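By written order: A, B, C and D. Residues from 1 in each chain.
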Amino acid sequence: MKIVYFAWVRERIGKAEETVEPPAAVRTVADLIGWLSGRGEQYAYAFENARVIRTAIDHAHVQQTAAIAGAREIAFFPPMTGG
Amino acid sequence: MKIVYFAWVRERIGKAEETVEPPAAVRTVADLIGWLSGRGEQYAYAFENARVIRTAIDHAHVQQTAAIAGAREIAFFPPMTGG
Amino acid sequence: MTVPVTIRLQEADFDTAREIAAISRGRTDIGAVVTFSGICRGGEGGDAIAALTLEHYPGMAEAEIGRHAEEALQRWPLTGLTVIHRYGRIVPGENIVLVVTASSHREAAFEAAEFLMDYLKTKAPFWKREEGAGGSAWVDAAAHDDAAAARWTKR
Amino acid sequence: MTVPVTIRLQEADFDTAREIAAISRGRTDIGAVVTFSGICRGGEGGDAIAALTLEHYPGMAEAEIGRHAEEALQRWPLTGLTVIHRYGRIVPGENIVLVVTASSHREAAFEAAEFLMDYLKTKAPFWKREEGAGGSAWVDAAAHDDAAAARWTKR
């Protein structure tokens, strides 16, 4: 499963993308955030305020309750500031 | 007192402007419309539906209840269709 | 701070790009520029239009647009404002009117441009005559334009 | 009828005049063209900004703008629609984003442009980083932008 990070989420984690294999118990976006947060200080820092983190699965916005099964690419990023 | 006409009001009356000297009893715009309407068929035709006629005194929109005393230029025209 | 305001009534066409450039060139306090271009259409409903002729009331047109430009400056934090309205004969595809508003914020630029267009449609002394296949006729005022203008006084 | 839709994400600047011309050239069914240009300001509040850097999510940005363009076409009778969003480093006075909407009626052109801008601000995956005197920092999302976007779902 490919994970991509943007803006200060990317900076805090220290990488733009990676491929991970979470265990089967990790079913939702919220589960994935929890699991990633346990992978090291930089992840814990990036996700310390999980409420503000936005998520997209395969280029579409999703809630943190969304299931991750079948996802090709999951993105984590701060609230958007384009336009 | 200078009177100017625009669009189909001008066409019906057959002139773009004229100078008139209404009697002292003609105090308001409505009075003036009534007085002009008595000046000939073309005026009666132009003002036949007085409700739709718009009026400006010295370049500012006014209601037909407005007094005409002191006016330099009074304009009569149909509803505007600019923009 | 003086806000640059340009108001022009002219028979000639105008260049929208030049007007945008004029309002924003050399400035770094503008975050949003909105333009509205009103263009002569080739048909209303099923009837083809060969041309429009716009009559206006010289003197009053400038005064009326100027009063509404001032009101827009009072109501919104604008950093620039341009209104150009043509008169005379205009063929389909040609420009009729241009409003350009500049502000540090987009809501102000959008609202001021809509306000000015609603007032130009209902209060500025211009009258359109359409030339079609069956001769020419004055355009009737649209009730929905009055309704659009009325929303700005309901606050 | 197919409505011409142009969506571009690019590092280079764009030419607003060329985009207006592209949407309206040779057509006589367009009565109204609205443009919104978002421009990099030289300061927010009292702090000077040397430049913005816009990061984006390639692939998703195009998809997200495309979905909102489709929604705009469903909601308003548009005759043309262009959205251009830049990424990379942008200095004060330069363009960031352009929305152009064309319609036979002005309300549709205004509303669709506002709708698209509100969604670009809150849903399109772009992030701004500001360079100032004291270093650089990510721009916080503004609550008023979320409120502006929410009005389009309250109908």
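Just so we're on the same page, contacts are C-beta pairs under 8 Å (C-beta built on N, C-alpha and C of every residue); 3 or more make two chains touch, one makes a residue touch a chain.
In this text, all values refer to a predicted model and were calculated from it rather than measured experimentally.
S.K.: In contact with subunit A and with subunit D at once: which chains are those? Just list them.
M.R.: Both subunit A and subunit D are touched by no common chain, going by the contact rule given at the top.
S.K.: If you average the CA atoms of subunit A and of subunit B, how far apart do the two points sit, in angstrom?
M.R.: Once rounded, the distance between the two centres reads 72 Å.
S.K.: Averaging only over C-alpha atoms, locate the centres of subunit B and subunit D and give their separation in whole Å.
M.R.: Comparing mean C-alpha positions, subunit D is 48 Å from subunit B.
S.K.: Suppose each chain is reduced to the average of its Cα coordinates; what separation in Å results between subunit B and subunit C?
M.R.: Subunit B and subunit C have C-alpha centres separated by 26 Å.
S.K.: Which positions in subunit A are in touch with at least two other chains?
M.R.: Touching at least two other chains: none.
S.K.: Residues of subunit D that touch two or more other chains: which are they?
M.R.: Residue numbers touching two or more other chains: 38, 117.
S.K.: Going by the touch rule stated at the top, which chains touch which?
M.R.: Going through each pair of chains, those in contact are A-D, B-C, C-D.
S.K.: In the complex formed with subunit A, which residues of subunit D make contact?
M.R.: These residues of subunit D touch subunit A: 38, 54-57, 59-60, 63-64, 85, 96-97, 117, 120-129, 138-142, 145.
S.K.: What part of subunit D is in contact with subunit C in the complex they form?
M.R.: Residues 15-17, 20, 24, 26-43, 92-93, 104, 106-107, 109-110, 113-114, 117, 148.
S.K.: Which stretch or stretches of subunit B touch subunit C in the complex?
M.R.: The contact residues of subunit B facing subunit C are 4, 6-8, 56, 59-61, 75, 77-83.
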